[in-house]
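Two complexes come next, and they have one chain in common, chain A, joined by chain B in the first and chain C in the second.
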Partner chain A sequence: MLSKKDVKIIKVLIGEVSLTRAPNLLQAILGSCVGVCIYDEVEKLGGLAHVFLPSSDGHQSEKLPSKFANIAIPMLRDAMIKHGGHQKNLKAKIAGGANMFSKITVKPGQHIGVLNLEAVKKALYDLDIPIISTDTGGNNGRKVEFELNTFNLCIDSPVSKGKII
Partner chain B sequence: MFDDLFMSELTILARHGAENASLALSRLMQRKFLITVNEVKTVPIQEVPESLGESDAIAICLFTKVEGDIEGDAILILKENDALNLIEILGGDKNVNIEESIGEMELSMLQETANITISSFMNTFMSYLNKSAIPSSPIYIRDLIGSILSVIIMESAEESDNALLFSTQFECKNKEMEAMFIFLPSPSSLKKLKNGLTNAQ
Partner chain C sequence: MSTVLIVDDALFMRKKVRDALEPFGFKIIGEAQNGKDAVKKFEELNPDVITLDIVMPEMDGIEVLAKIREKNKSIPIIMITAIDQRESMLKAMKLGITDFIVKPFDNNRVVSAVQKAVQRTKGNI
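Here is the complex of A and B:
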C-alpha cells in the first residue's frame, strides 16, 4: 500500500510538458487550454502537455515553444520514447478546450478551445497515437489529475466533481 | 520590456487610481471603503494562473473590454469567499446560492463595484496620459481561478510573454478582501502606455 508521501504531485503549468512514472500524479488547471496525457501502460510511464495555443506558425523566437500543440505533442512523444516508452504502446487521453467566456466574442469565428482541440487531435493522429478517452468543450474550467498508477484522468470542474475518464 | 522607471510610475498611478476608486465606492456606499494597491508586477504569462494563490479554488471574475486610445482587457478577480463578503458589506444576501445562480441584485452589486474600480483606475491613467479609454460593462464569470486566468491571458499570449498585475486589498467594516486587478493592454496600447508614462513631464 502506498502512503500519500510516496506520491508526488507535479503541477504542469501553461505551456509546460512534464513526464513521470507511477505512482506520481500530474496536475493541470485548464480553461480553453487542453491537457494532453500520453502514456505507456507497460512501462508505467506517462506525461502531460498543457497546450495553450494551436499552432506556432508565424511565431518566431518563442520563449516557451511548448505552449503550442504542434510543438508540445511531438516533444512529449519524443520524451516518452527517450525515457523507455514504446511507440506501439502509446495512448492518449485529453481534457479541456472549454469556451468559458461564451458571453464574450473574443475573436470572431471559432473560439480558441475548439482550435486547440483540433490541433491536438491532428498532432496525435500524425504521430499515430490513439485517443482512448476525452472530456472536452463545455463552458467551465477543469482541474485534471493524471494518475500514473491507474492511468485514470480525474476531472473536477465547478459543475461536476470526480469524473474519471 | 518593463524597466524600473515604467514600473515605478505605473505603481504610483495605480495607487492614485486606488484612491479614486476608494472615494467613489465610499460615496456610493456612504461609508468608508478603502482600496489599497499592495503590489504592481509583471509576470511571465504562464505564471499568471498561479498568481492569486490556489489556482484550483473557485473565483469570481468581472471582465471588461477597454476601448479607446488605449485598448485591452481589464479584470477584477476575487476569491469566492471574498466576493460573498463584499456582497454582504454592500447590503446583499451573503447566503445567496452563488453555485446555482447568483441573484440579480448580488450580480449587480459585484458588477457595479468592478465598474467603479476599473473605471477609477483607467480614468487615473488616462487623465495622466491625456488619452481616453472606456471599459465595457463587466461580465460575471464564476470558475476555477487558474482556468479563468488562463483564458484571460490567452489573447495576449500570441503577442507577449508578460502580463501586468495589480494586487489590491479592499477594506470595509473591518473586513479585508483581496482582489486582483489585471490589465492586459494590447501590444500597441502597451507601447503607448510605456511611452506616455516614461516621457510625461
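Here is the complex of A and C:
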C-alpha cells in the first residue's frame, strides 16, 4: 500500500508543462488559465500543461513559450511520446477557463478563458487526442489535482468541491 | 432545404460542421455552444437534424439528448464523439441516436450522416 511519502506532488505553475508517472500527482491553481492533462493509461504516464494564453502569434521572442496553448500542447504530447507514451493511447481531460474578470472581454461573450478553451480544444483535435471530460467556464478559480494512479482529475472550487472528472 | 442545428462548445468545431454541410445545400438554422442553449434552440427553431457533441460543460450531450427525446422521439440526432467515449455512446444509443461521427472526421462523413438521417426521416413520413 502506498503511503503519502511515496506520492510526489508536483506543482505546475503558469506556463509550465510537467510530466510524471504513477503514483505521483500534478497540481495547478487555475483561473482563466486552462489545465490540460494528457495521459496514457497503459504506460501509467501523464502530464499537465498550465496554459495561460491561446496563441503565440505576435509573441515570437517569448521567454516561456509553453504558456501558449498552441505550443504547450504539442510540447506535452511530444514529451509523452519521448517518455514511452503511445499516440493511440493518449487521452485528455481539461479544466479551467473561467471568466475571472467579468469586465474584461475581447468581444461580448469572449473573455480570455473562453479563448484559452477554444485554443486548447483545437490543439487537441489537431493532434487527434480525444477529450474525455471537462470542468470549464464559470466565474470561479479552481484547484486541480491530476492523480496518475487513477487518472482522476480532482477539482476544488467554490461551486464544485471534491468534484472528480 | 433541410435545416440543421449544430451543438458544440468549440467554435472551430461548429465552423467545421457548418463548412462541411453548407456546400451541400443544408441550411444551418442555428448553433448552440452549451446544453441549455441547445434545448432552447431546438424548441425555438424546430430543425430537421441536430448534430450534437458529447463533452460540453454544465449540460453534456447525453443530457441534451435525453431532454430532446422527452419532447421529440423522431428528430434525427447525430452524436459527435471521441473514440474513447464508449460509455457515453452506449447511453446515447439507449436514448436513441440516429448516427454518430467519430472525431477527427472528414467533411464527407458529416455530409453522408446528415443526408442519410434526412432520407430516413422522409422515408418515415
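Note that in this section the second predicted complex is superposed on the first by the 158 of 165 C-alpha atoms of A that agree within 3 Å, B and C clash if a C-alpha of one lies under 4 Å from a C-alpha of the other, contacts with A are read in each partner's own complex, and residues count from 1 in each chain.
Keep in mind that, in the parts below, contacts are C-beta pairs under 8 Å (C-beta built on N, C-alpha and C of every residue); 3 or more make two chains touch, one makes a residue touch a chain.
Bear in mind the structure is a predicted one, so any value in this text is a computation, not a measurement.
S.K.: What does the overlay on chain A give for chain B and chain C, a clash or a fit?
M.R.: fit
S.K.: Of the two partners chain B and chain C, which one touches more residues belonging to chain A?
M.R.: B
S.K.: What is the contact status of A:S32 with respect to chain B (first) and chain C (second): first, second, both, or neither?
M.R.: In the superposition, A:S32 touches chain B alone.
S.K.: Is A:M100 touching anything from chain B or chain C once the two structures are fitted on A? First, second, both or neither.
M.R.: Once the two structures are laid over each other on A, A:M100 reaches chain B alone.
S.K.: Could you look at A:S133 and tell me whether it touches chain B, chain C, both or neither (first, second, both, neither)?
M.R.: After superposition on chain A, A:S133 lies in contact with chain C alone.
S.K.: State whether A:L53 touches chain B only (first), chain C only (second), both chains, or neither.
M.R.: first
S.K.: So, does A:K121 touch the first partner chain B, the second partner chain C, both, or neither?
M.R.: After superposing on A, A:K121 lies in contact with chain C but is clear of chain B.
S.K.: Under the stated touch criterion, which partner chain does A:R77 make contact with: chain B (first), chain C (second), both, or neither?
M.R.: In the superposition, A:R77 touches no partner, neither chain B nor chain C.
S.K.: Taking the C-alpha centre of chain A as the vertex, compute the angle to the C-alpha centres of chain B and chain C, in steps of 10 degrees.
M.R.: Between the chain B and chain C centres, as viewed from chain A, the angle is 120 degrees.
S.K.: Quick check: superposed on A, how many Å separate the nearest Cα atoms of chain B and chain C?
M.R.: Chain B and chain C, overlaid via chain A, are at closest 19 Å apart by C-alpha.
S.K.: Identify the residues of chain A that lie in both the chain B contact region and the chain C contact region.
M.R.: No residue sits in both footprints.
S.K.: Please output the residues of chain C touching chain A within their complex, sorted ascending.
M.R.: The contact residues of chain C facing chain A are 9-13, 55-58, 82-85, 103-104.
S.K.: For the complex, give me every residue of chain A touching chain B.
M.R.: 13-16, 29-33, 52-53, 59, 63-64, 67, 98, 100-101, 103-104, 106-107, 112, 140-143, 156-158
S.K.: Spell out the residues on chain B that touch chain A in their complex, using ranges where they run on.
M.R.: Against chain A, the touching part of chain B is residues 44-50, 55-56, 58, 63, 65, 99, 139, 141-151, 153-155, 157-158, 161.
S.K.: For the complex, give me every residue of chain A touching chain C.
M.R.: Listed in rising order, the residues are 91, 117-118, 121-122, 125, 128, 130-137.
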